[in-house]
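The structure that follows is given in the form of structure tokens.
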């Protein structure tokens, strides 16, 4: 058990799984010699060789399409898309093949594939290195979408994703890659997919969040002494509806925080689930604190990203309601 | 003024606009000689020639990317994607270029482009000829997303889309292409983008819907004598929030109906807007009647599509609440 | 005795028989479609010879990623007519549980992968499958078919690019039938399709896909190349789509037919004439092959039509290995409404 | 008097001067990046000669779709250094209002379109622009640059396919600098890049992009071809990325540098040596060109640094021509919190 950051945790987890399971191959742009532009696949090429760690040509459709074929025929590919902003050339493969192969073949084929990709802002990356596109995937039945908020969950979710026989979109909040360290057991362990984490118990307000916003939410409630129930969703499809409804019913006041744009962001579904199933418990409007409905700007990203002030304003609004 | 169906209405509108404005070019697969597989571009090749009506190779990325370049440099392309299910190969161009060119160039370039595409089920088309992907677009700032529910709105929305200087995703509910006829003025007229239509005034319940589900909703409330406020959104991005809130506040009971899958479908945003801004008016849960969270099945599509029975069940649920 | 080259009389007769079966089946499906028994169809008429040649040369362990127009290939590969009908009828015996439109087959046991509608989107999968076969040291190569239109897709580019860079044994076979719905090949591309491999260092070859003998000879070279481990190969088989693009299409809008069913240049007729000339068959045996095909095809449809459809609530299966709470809840909605 | 071929001494000196300016600017940006003055940079070092050659041959009305590494091209085209800095600093004078990362330029007045990050995604736009120019009978051709990595993208395939089928005047120029971040060209493709046009019937040619004279000569043929209306052309310019991929990259992880700044095979040094040999310049004028470049580049940065940033609330502009209620409401949130 050591204190490691998320990059280290992911790197070690992949390493450990590869050592155990020969079916695992890693592929993507710069994942080999370079060890990935964020170093998540560092040293794997040296250890496992070119047959298992593939530096690919620059074509995301090709990476994902090839990985799909591998997965259908006995391998367990871990495909990396260098930035989530660059996954869209492969969107047809994701929506029309990966998400539908099991279904369309009546379960005779399946696609046990993990697509890892860093997402979100906070690195001054502008329009094309900062997007949070989770809603595009979470709207797509057939996919499973997860995002860890810390080095521990990163390992546990990756191990769970690895054990699934269906495709998993594994979204890594790049801003948190090296933001903090945590104790992560050396052994393989699972964090259950579909299950949210309760990060803090409280009675006055529920804050539902995930991924990159988790540390910001936690520091906001801690600094301001908010008596909040804080939920880290961890899985975005399927969402943990029980955890969402339980906290909404408990406090009656819900604030949702995410970095993606508001309109049809994941928060819309959280809100709709509550409005559909726990309406009588609500004591205040369900408020969303999110990225804005604009392309991610290069200048002023600190205004774009939800911060403690915006979160606190929303909390106060529902508390005073 | 004549009674025409939606295909005729669209075909005549494009014809009229092309006659007026030389900048308009039509491009897509089979839009020329064949007149489009649904005949929306019938006869335009004969009338306007190969320079203005382009049968393209089979590559949606190429169609949309080329149309984007045309639009940035003085033309007004009307691109057709044969089925909305096949738009995903162009998704990167749509999300990363079309939606962001104006923004990233500080307004010095813009993309006055219309992407027309038939969507939705009810034609026994299975997984790949039935999808309702509107949420993928409506989550993307920079795009405008519209869908007509009748021949009149089809013309008015197309004319408005034509007059915009920004890209419009024009979703045509293929099930309604020839489902009914309506009087459509011969002259050009606009249906305002961003403005919903009130199809029926009522006090007991609000039904918010759009596109392919509008006739089903109307027949349901008419047959069952429901005293409903019925809203046809017409524009999905930006949604008419005033109309949504006004009806929610008026009746306190809201049912949302669409054909796309529930999770993060457009209904989630409608529900979230109400839960955020009109919570105190609500007398019942906000209920969504939608397609299921599964790929669109070939067999049993009649179970997949929301029908009068499912809509009535939801209406009764909120009325009795 | 060999009819031509290595082709024995028996092989020729079998090929001819399967071509006739495919043509007869195709006609039958079209009429069943008109009667509302089958929902839709993409006719394979005219493309039988190249498809049969592929199946003749492919080994059992070779993995085929076909496309939606490969009916004759499936019959020659030995897929039972009954299973084909089950898919077309999407009855409860359909291996895919009625999930896909007609002609979107998947026959795992025959190493025939899975057909989808988005044109070309199977192509990148073929290189992954080839990678997997090499990695796991499985015998066999990967063979894939697609139309002329598909060569314009991004998937085609992606697949050839990866096959080349990773030196994968994929045999790409374009069934160039002259049309992508209403778009003639001349508007699809300005170059010969078999030359498109040049962009990736992949050799190519054109064959007369309407002639069984020429198809076999041309394909043999390509199979040998790929089997030898040298990498991918691109074959362009010139053929012709005799019918409409699909049962929803009206080709009169955009073309004059160049080959029609039973005409002198119909590929089946060509083989028939050759076999008659070579004395491999006489007109009595031709008659009997045709009659047998017709009987089998009529009878089997009759038989399969009695198989009931799938249960409506089965539409919630196979989205995931284990349905999530969402599918379970939605399934209950259907069940409750019964 | 001409230095070589048609190249006058003045032209050679101007080209050299701009190459030196570009190199000096590049160094300056890197050090400004280290000091936190500029956020990020993609160095253009090593690729100056081919870029300058392109600008020398391009007319004003020719439309250029460059990519993120084309600094020298812009200087040679006459874009003021101040405007370049404004973009790099994303200050309130930036034509793009600070919306993009450094090096993602757009200079409409110089017919330089708009650079985006997704590799290759500008390529399909070039064919649309060319279509528009032909349709509206505008003078000029379209020229586009991109890296070796970009030739693997689907956008490259789409663009060449459309350019060929619609016979559009696009000059595709690949600046093959040997690397796509850490991936060498040998792993990107198994064929020569200039041969990739073969798949579309587009002619291709390779030039030594590190040599101004060779670049000009090779490009001239390509420009002539496209200008004559014959269609598209693909040039592969062999060059070398002297620096890291970007200021976030560490090339030691994956390569040994083959060309370094100022070494004998540095393209600028090569031109310098040639000019010295031909007596076009002497070492004093070289010194003065370098000194002037340094002064201009230092001074201009100093000057532009005093320009204030954009207003935060401007991030809501230009999503649409007219903001929707959503952007207006969100803008109020920022304004209220001030």
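Residue numbering begins at 1 within each chain, and the chains themselves are lettered A, B, C and D in the order written.
One rule holds for everything that comes next: a contact is a pair of C-beta atoms (placed from the backbone, for glycine too) under 8 Å apart; a residue touches a chain by one contact, two chains touch by 3 or more.
Not measured: the values here are computed from a predicted model.
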{"item": "Number of hops, chain B to chain C, where each hop joins two touching chains", "value": "1"}
{"item": "Chain whose mean Cα position lies farthest from chain B", "value": "D"}
{"item": "Distance between chain centroids, defined by C-alpha means - chain B, chain D (Å)", "value": "40"}
{"item": "Centre-of-Cα separation between chain D and chain A, whole angstrom", "value": "35"}
{"item": "Chain A and chain B, separation of their C-alpha mean positions in angstrom", "value": "30"}
{"item": "Centroid spacing, where centroids are CA-atom means, of chain C and chain D in whole angstrom", "value": "46"}
{"item": "Where chain C touches two or more other chains, by residue", "value": "97, 99-100, 104, 116, 118, 152, 154-155, 157-158, 161, 165, 187-189, 319, 326-327"}
{"item": "Chain A residues counted as touching two or more neighbouring chains", "value": "56-57, 59, 61-62, 85, 88-89, 92, 96, 100, 103-104, 127-128, 141-142, 237, 263, 292-295, 297"}
{"item": "Category of the chain touch graph - line, ring, star, complete, other", "value": "complete"}
{"item": "Residue ranges of chain A in contact with chain C within the complex", "value": "25, 51, 54, 56-57, 59, 61-62, 64-75, 77, 89, 92-93, 96-97, 100-110, 141-142, 144, 164-166, 194, 237-238, 241"}
{"item": "Chain C residues touching chain A - in the complex, by the definition given at the top", "value": "63, 94-97, 99-100, 104, 106, 108, 113-114, 116, 118, 121, 123-133, 135-136, 154-155, 157-159, 161-162, 165-166, 317-321, 324-327"}
{"item": "Chain A to chain B touching residues, read off their complex", "value": "61, 85, 88-89, 91-92, 95-96, 99-100, 103-104, 127-128, 133, 135-136, 138-139, 141-142, 237, 261, 263-269, 271-272, 274-277, 279, 282, 284-288, 292-295, 297"}
{"item": "In the complex, chain A residues that touch chain D", "value": "29-30, 32-35, 37, 55-59, 61-62, 85-86, 88-89, 124-129, 262-263, 292-295, 297-300, 303-304, 309-310, 313"}
{"item": "For the chain D and chain C complex, residues of the former touching the latter", "value": "152, 154, 156-158, 161, 164-165, 187-191, 195-201"}
